[in-house]
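First chain A sits with chain B, and in the next complex the same chain sits with chain C.
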Partner chain A sequence: MSQDSPSAHGRAGAPPAPGGAGGWGDRGEIKPRGGGWAAGGSGLGPRGWAWRWALWLWIALAILGAFFYAPLAQDFIGQSSRILFFHVPMAWTSLVAFVAAGAWSVLYLWKRRPDDDRAAAAAVELGLVLALLATTTGAMWAKVMWHAWWNWDPRQTSIVIALVFYGAYLVLRGGIEDPEARARLCAVYAVIGLVVAPYLYFVMPWMAKFTLHPKPVVNPAGKVEMNARMLQVLLMSSLGFTVFFFWVHGLRRRLLRLADRRAVTAAGSAAS
Partner chain B sequence: MIEGGIGWVAAVNLVIWTGLFLYLLRLDARVRNLEKEE
Partner chain C sequence: MSVEAHSPETAASRWLLEALAVFAKDWRAELRSRHALHTLLLFAVTTLITVSVALGPLGVSSSERLAVLPALLWVILLFAAAAGLPRAFVHEEETHTATALRLAATPSALFAGKVVYSASLLLAVELLLVPLYVAVMQLPIVSTADLLLALLAGGLGLAISSTLLAAIAAQAQGRAALFPILAFPVLLPLLLLAIELTRAAVGGTAGEGVLVNLVLYDATMAVAGLMLFPLVWNP
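Take a look at the complex of A and B:
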């Protein structure tokens, strides 16, 4: 089988049979859910609406909590500690994304389902966006606290390496034309990331002898050192960001599948 | 008046989140419709 999928992640190759069974535009189908509630509208069922609006409310409450419920952290300049409730969840969710990409890649190597490959690619894309946002919010905080946007602090350095590592994943995807070879090589790369990402996020900053960064929420002895209200908001925000990631990830994955199917159909039409 | 205009920052955050959320809801609906068409 050598059907191509010239989607956003790849390039056109030999024209495939349109929509052929087992093809890249067909396997691993994600069926639309919901039964046309809100007639003529989104097709979301009541549950679909409920959890999405619950997520909106959850994150809105986390935002209000960050500004009005959580106290200011000691030894921080002005209101700068409030950015913690966005910066840390962004960094955390980027790690979740990279680990999820590795898990989907393991699934791809095992089952060879194109949808797992698309899921891994979508997770890496979103992980990069979140890591970039974490880096930006971190730099904003550093400007206030350390009087410089960038200091090559161990955590700053490790997240830059993570950005380069996963940026290279997307470059790899764009550089291989054959969809199966692309999926296989990218899956192996993302599985390596299962070791690299935790190392960069946890081990490398921990190994550094000096850091300007605040102490981690959970100290090396396993104890949580944070004001209870701050911890509540931080956990609320982290959970909200994680659920948000899986929602957007689902959307991106479905869009990639649609793009693959259309590309397969277009290539088939051009061939005939 | 809340110190340092933090209320305004919170309001801007809420507006951005609501805007992003509504955009994603719309995108979700469009993707669903495209899937139905296939």
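Take a look at the complex of A and C:
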């Protein structure tokens, strides 16, 4: 989506500066880890492997906990309440992703570092995937519990608007060739999203006057109304999803960085 | 634009003069061609006819009309705005006058001038369209004040958000198609609030703070626009 063909950058008119510090194709930004890609293998050192295995183990435990450790919630049909341990963390992590994308966009407009723009783009992409998953699992759960795939519950409305908004963000990214203009305009659009978000999250649910969703676990009263075992698994799963998001986000960010560098190098060699 | 750099005016009055100059320039250009006004108006009337013909012979039952008709009115206005308002910046890019504007006016003053122009254009269309809509659809107006407030605050919010998003869309490819995609999620809260207030005007019930939230939306987007527009406008 954001990987244009190398020739697109060549026509864009931005001065290609291969190897220039802080530029779109900065060579110094990527440090091969461990043995490096040239050395073969995965290129990960023992420390890199340790926390990745810990993360897989953590998520595996959360999945096992969701099915065998946590009890069923009251007043829910069959085993349907177990989807809670995946649906809520997905929605939560997509929110984290969108807020992080907004923060990186503000940072870009302030410091004008290309890497912040890539970070924002990567966060939006992953946030969209997570929001789609949250919407799908939510619709499945709604079919079981409320007997309808969709009924414009305020939170369903909010997440659909978020999907449309960040979908539009990616369309906008695809529509601008010049990397600097793309980063600047997309960052502004993401900040507009932050400005509108309170209306989606507070005003529209208030207008709807009712919701079928259960009360948030962390509610304004500050009281946690949930079975202790369920809460443990929910928090465990949420933390796992959040760390997983930041890991994949780092990978995606490096990939975008490589694509930018390749484009600038290609534009440079085409010019000479 | 004719303000001279060494005039003794303060910065604030210079800013105002610049905004007014942009506003006057846009209206002068508009009155020569009447392109945007005709586009907006014809789009609005065409949609109105579609809605009216589709609903008219069948009729909407009286219990549903108060809920349905205000929503359709704002959908018509949204379509008209999406057809006409992006022109404010697309036209500047197409005729290559954007660079001259960059030199002539402070970005925030340019934004203010464009917003006032778009808002006046939209209000002119509302002035012609809404009486027609009320007459054709036989809408019972209970509170004229609520209707006027909804049209005023809703139109202003539509103009503010559209101006900011049109400036973004004008710099990308596929400008015309991109604008509605960018604008829809940003405009949706505004539209829902305006529809709610219009429902109150035709005898429905609206929540207490709908007008307050509508005005708040306008104010937030105006402040955000004044701060963000210079970033959009200047490379």
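By our rule, the second predicted complex is superposed on the first by the 226 of 272 C-alpha atoms of A that agree within 3 Å, B and C clash if a C-alpha of one lies under 4 Å from a C-alpha of the other, contacts with A are read in each partner's own complex, and residues count from 1 in each chain.
Rule of thumb we're sticking to: a residue touches a chain if its C-beta (ideal position, glycine included) is under 8 Å from a C-beta of that chain, and two chains touch if they have at least 3 such contacts.
Not measured: the values here are computed from a predicted model.
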item: A:Val171 touches, of chain B and chain C: first, second, both or neither?; value: second
item: Contacts of A:Gln79 with chain B and chain C, given as first, second, both or neither; value: first
item: First, second, both or neither for A:Arg254, with chain B first and chain C second; value: first
item: Which of chain B and chain C A:Ile59 touches, first, second, both or neither; value: first
item: Which of chain B and chain C A:Pro71 touches, first, second, both or neither; value: neither
item: Which of chain B and chain C A:Pro46 touches, first, second, both or neither; value: neither
item: Contacts of A:Ala181 with chain B and chain C, given as first, second, both or neither; value: second
item: Residue ranges of chain C in contact with chain A within the complex; value: 164-165, 168, 171-174, 178, 181-182, 184-186, 188-189, 192-193, 196, 207, 210, 213, 217, 220-221, 224, 228, 231-232, 235
item: In the complex, chain A residues that touch chain B; value: 30-32, 34, 41-44, 52, 55-56, 59-60, 63-64, 66-68, 78-79, 82, 247-248, 251, 254-255, 258, 261
item: Touch list for chain A against partner chain C, complex; value: 109, 161-162, 164-165, 167-168, 171-172, 175-177, 180-181, 184-185, 187-189, 191-193, 195-196, 199-200, 203-204, 206-207, 209
item: Touch list for chain B against partner chain A, complex; value: 3-4, 6-7, 9-10, 13-14, 17-18, 21, 24-25, 27-29, 31-36, 38
